[in-house]
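Following are the structures in question.
In the two complexes that follow, chain A is the common piece, with chain B as its partner first and chain C second.
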Partner chain A sequence: MSADLAKEARTDLAARAAVRHLLARVGRYVFLCLVLAFFALPLLWLATAPFDDTPTIGTSLPRFTLDNFRTLLDNPYALTSLVNSVWLAGGTAVLVVVFAALAAYALSRVRVPGRDALLYGLLLLSSIVTGTATMVPLFELAFRLNLIDSRLGVILVLTGGLLPAAIFILKDFMDATPTSYEESARVFGASALQIMRHIVVPVVRPGLATVGVWAVANVWGNFLVPFLLLRGPDKAPAAVIMYTLYTEGGQADLRLLSTFSLLYSLPVALMFVFVSSRYGFRFHGGIKR
Partner chain B sequence: MSAITLRELTKVYPNGVRALDALDLEIADGEFFALLGPSGCGKTTLLRTIAGLELASAGSVRIGDRAVTNLPPGQRDVAMVFQDYALFPHMTVRDNIAYPLRIKKVGRAARHDKAAGTAEELGLSALLDRRPGQLSGGQQQRVALARAMACHPQVFLLDEPLSNLDARLRLEARTFLKRLQRELGVTTVFVTHDQAEALALADRIAVMEGGRIRQVGTPTEVFRRPANTFVAGFIGSTPMNLVPARVHGDELAVAGVRLPVPEDVRGRLTDGEQVVYGVRPEYLDHSPEPVPDALTGQVVVVENLGSFSLVSLDVPAGDDGATSVQVVVPEGREPAPGDTGWVVPRPGRTLVYRDGELVTGAAAPPVPAPRTGVAADA
Partner chain C sequence: MVRVTSRPDETVGGARPATGASPAPDAAGLGRARAAGFLVPSMVLILLFLVVPAAWTIYLGVTNYRLTGLAAAHPEVVGLDNYTKALTDERFRTSLLLTLQFVLGSAVLGQAGLGFAIAFALRDRRGPLRRVVEAFILLSWILPSSVVAFLWIALLDRDAGTLNALLGTPGMAWLLDHPMLSIIVFNTWRGTAFSMMLYAAALENVPRSHLETARLAGASTWQQLRDVVFPRIRGHVLTNLLLISLWTFNDFTPFLITAGGPEQRSEILAVYVYKVALSGGELGFGAAISFIMLLINLVIALIYLRMLGRRERA
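Let's turn to the complex of A and B:
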């Protein structure tokens, strides 16, 4: 009798535990869905709004149209600005990769007194260089150097801002490359440039790809520097032109804005996919592997 | 001609460390030469200075009839195999072997032919399209050797050639390396901290300590007649027994017994002088019965080393307690710990050191001449 009771109590307990377990699972998934929705909704908006003839700031099933793209093409600066962005991002990325590779190689191989302090100091200051804090002196400097309204000026300033972090990342890659590779090549008679070309660059290629992609993504999204240094809309990159897409009434033109946003984000996304498949890069960061 | 001549070679690092100290050395054409010493003795620095990866602070390096002291490594006509082999990970075996020729601007087809030929000599033909990461340690070493051979240098420099291989492979590679060097007949200098490796491979050995060479000689000379107590303690799988002794006329008072002074130094010792009596464990015979002219003591430890055992005896050492003497005993004749044992030095195999340096007789072997024409007797 009492055994039966105990058995019953046990099944009862087990059932309750199962229900609690189920509820906990449901709760967890609901929570995850909410978090996901928080991040996914803007992306969904980006996918639907450009094809909607009356987009709002909410996400809804679009009444499909391609008119928005046609309207955007009528804007004289929309496509040019994307080309401008490519120029700025490409130019900066090339400069950053070349100079960071040379500097990181030197810093990794040559014993410089106070090297680490230098590196960390630069890293700290770099975030200030392209930040709002130095807006005025930066403008002043560009003005004196006749670099106002010049793409070169923007490229140089952005390169300066990105270099320290790029050097920091690449130095780790260089450090991880045994010096015996280079010494071996030297004994065979290779010159410094040959060693760089044949050995160092191929060995640290994933690092170079990482830094290149990171530089492009940074420049692509940078608004302040080109906004500050470029005067007219003809040289302005997409990030700046985005800012001009308003209706005559001063309202944000959601049709243009959403369409342009889609075009603006595609190149960088495609680049990530391409580089990742080509070099299989991962973001290593300045951490010892 | 590709002998190597070093004169007064000195290397002082910027931090003040004197890695090489006015070092003189001649390495003969075609010789397989070992630089042996404990870590930090300057052997790797010496190798790198010959290669040109380090520039000498003073002194000169000649390879063949060329003075190369200040030449960059690429113009010295040497090839170096690094301890980690330094194979380029992004290149195939073929491209790795062909790399020196690529630097010499040999056309792609020609250098790939050459690489294939060299690879065949070393049994690497099946691996030509692999990358270094896909090879075993032994294969990587052979690729590194092939790469060094492909440019037909006057001198091979090998930095710890066997240390990255596991124990079993090491023996195989050792035999392979020795045969290869004989066949090629190219002057080869290698660095090792393993005395067994040096004895097994080299035609001659330089034993180094603190940036100086303590002895140069054939493996036999270095093993049988170490020039000083440092070499005596370093060479041999078991270090030489070094027991304090005092001269009494024609006898030496060693560990509480009187032993005759070795023939070749008779008359070169002063009565009452304090010396060190040296004899290798391999050159001592153990006896469980009392025998004349023997050291005697209690067996403390018996270490089984396969076909023989290493037996340690505590023998009385003059005024200050006991010292340990080790003796090699063939299998089946090991004493038990606690037994009393007698050890007799074999005639002609005992050495006397004064102030750490070997006392040699007038009839002692002359300073070893560099061995030449090694390739010829291969």
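Let's turn to the complex of A and C:
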């Protein structure tokens, strides 16, 4: 009798657990679909409007055309601004990779006095001093150094901002590299610079690539620094031109705006696809504990 | 760690200070002098474009320096006037309050909350749904800020925006009637990817058998989270909250959407400084507010470093 009761209770419990399990599954599915809708909705316009022969501000199925891309050629600043972005991103990335690699190698291999204090100081500095909080003195500084309306000025300011984090990332890479190759090369009489060029650089190349991609992506999207430091539209990068396209001069030209947005977004999207297919785009286990 | 774009003028503050023992010293025979030489270019740029501006902010903040006019040629030291002016200024206090709303709403509740929920919902899923969801979330994170700003202006457009068409609320002027809500939801959308990835990595550290045991013992999802998951990822949560708070606090992107308006109702500190100093020309006053921002950043960063240090010692 009591055994029957216990059995009944157990099946009842199991049934309830099964129902709960099912509800949880359905709930999770619904949640994920809502998340997908929330994140995809704003992006749809970027996929439809450039190919619509009468683009509107709303998202709709396009009547397909490629004519809109002709507006890019008609606008005097559209394509040059992309070239400007390439210059800024490329210049900054080269400076960041080269300088950070040199500094990270020295900090990793040589006991520079006060190294730990320096690293802590850099970490602190890089996280508290941001472009937004120092825009006034940055503007002043650029003005005094004659770097207003100069691409070099933008590159130097951006490089200074990215270097501390780049040094951190690269020092981690260098620390993880065994020194035995360098030691044996030295035994065979290679100079320090030869060792750098032929051994260290090839070994830490993934780290250099990571920092390079990271720097390019940062500069490519950066709006504030060029917006502050560059004056005319002829030197402005795509980030700034994009902003002027929808804020200045009355009715925005949606053909131009949509195709330009797409073209400007494409490089970072491709970089993302490349990085995620090559290295997997996620943080791994132990990071940031 | 690859942190692609989004908040570009900020740097990754989260890299661990790798101050532990390094490999065998100086394997390549670099020597101290050359090592110092290797450090020079980086240190010069960091000094010039990070340290000097930070120090200069302090100096400018006690002057009446202006972009144009008499005070531009001969700035005078006015002591703490700028600070007393700021602290008694209604517009500054409102801006500080809006920034607080922005950080709590979009970073702590929005990005961290949603990011964790998504990571938890996806934790043992493989296959196309996970890949598609992750791809869209990451895309919203990596696209240039001036592009996503326009995408949101288009989405929220009063007359022909997609949102009004979907909700059946034609003529609803989201950016004019609810500017703060708009930029909070926008920033949640923009930055959730970072939290999601961080929590996804953290959840891999939670042994699946523990969750299974808890589930078989009849623990509800909430109980599982509280008793099994959170104790194990507390460090990640901390890191995540402090980093995204710092980034959100300094975010300038809302300027691209609402420019602080209408009537300064979405004027967070970053936008306020820009308007006061560079549009309004009051460089000295702007610098004083910048310095207050730097102090707040410093407090957040110090809390972070302290807790990080405590964890490493533990």
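Just a few scattered comments:
The rule we apply is simple: the second predicted complex is superposed on the first by the 223 of 289 C-alpha atoms of A that agree within 3 Å, B and C clash if a C-alpha of one lies under 4 Å from a C-alpha of the other, contacts with A are read in each partner's own complex, and residues count from 1 in each chain.
We take it that contacts are C-beta pairs under 8 Å (C-beta built on N, C-alpha and C of every residue); 3 or more make two chains touch, one makes a residue touch a chain.
Since the model is a prediction, treat every value here as computed from it, not as a measurement.
In the superposition on chain A, A:V203 contacts chain B only, with no contact to chain C. In the superposed model, C is the one of chain B and chain C that contacts more residues of chain A.
When both complexes are overlaid on chain A, the residue A:E183 reaches chain B and chain C alike.
By the touch criterion defined above, A:T48 lies against neither chain B nor chain C after alignment on the C-alpha atoms of chain A. Residue contacts after overlaying the shared chain place A:S81 against neither chain B nor chain C.
Shared-chain residue A:T259: touches no atom of chain B or chain C.
In the three-chain superposition model, chain A touches both chain B and chain C at residues 178, 180, 183, 185-186, 199. Chain C makes touch with chain A in their complex at residues 1-6, 8-19, 22-32, 34-36, 38-39, 41-43, 45-46, 48-54, 56-57, 60, 114, 117-118, 121-122, 129, 132-133, 136-140, 142-155, 157, 159-163, 165-166, 189, 192, 197-198, 200-201, 204-205, 218, 221, 235-236, 239-240, 246, 250-253, 256, 270, 273-274, 277-278, 283, 286-287, 290, 293-294, 297-298, 300-302, 304-305, 311.
Considering their complex, residues 178, 180-181, 183-191, 194, 198-199, 202-203, 205 of chain A touch chain B. Residue ranges on chain A touching chain C, taken from their complex, read 17, 24, 28, 31-32, 35-36, 38-46, 56-59, 95, 98-100, 102-103, 105-112, 115-116, 119-120, 122-141, 156-157, 159-165, 167-169, 171-172, 175, 177-180, 182-183, 185-186, 192, 195-196, 199-200, 210, 213-214, 217-225, 228, 238-240, 242-243, 246, 257, 261, 264-265, 268-269, 271-272, 275-276, 279, 281-285, 287-289.
Those residues of chain B lying in contact with chain A across their complex are 51-53, 72-75, 78-80, 82-84, 86, 88-90, 99-100, 102-104, 151, 157.
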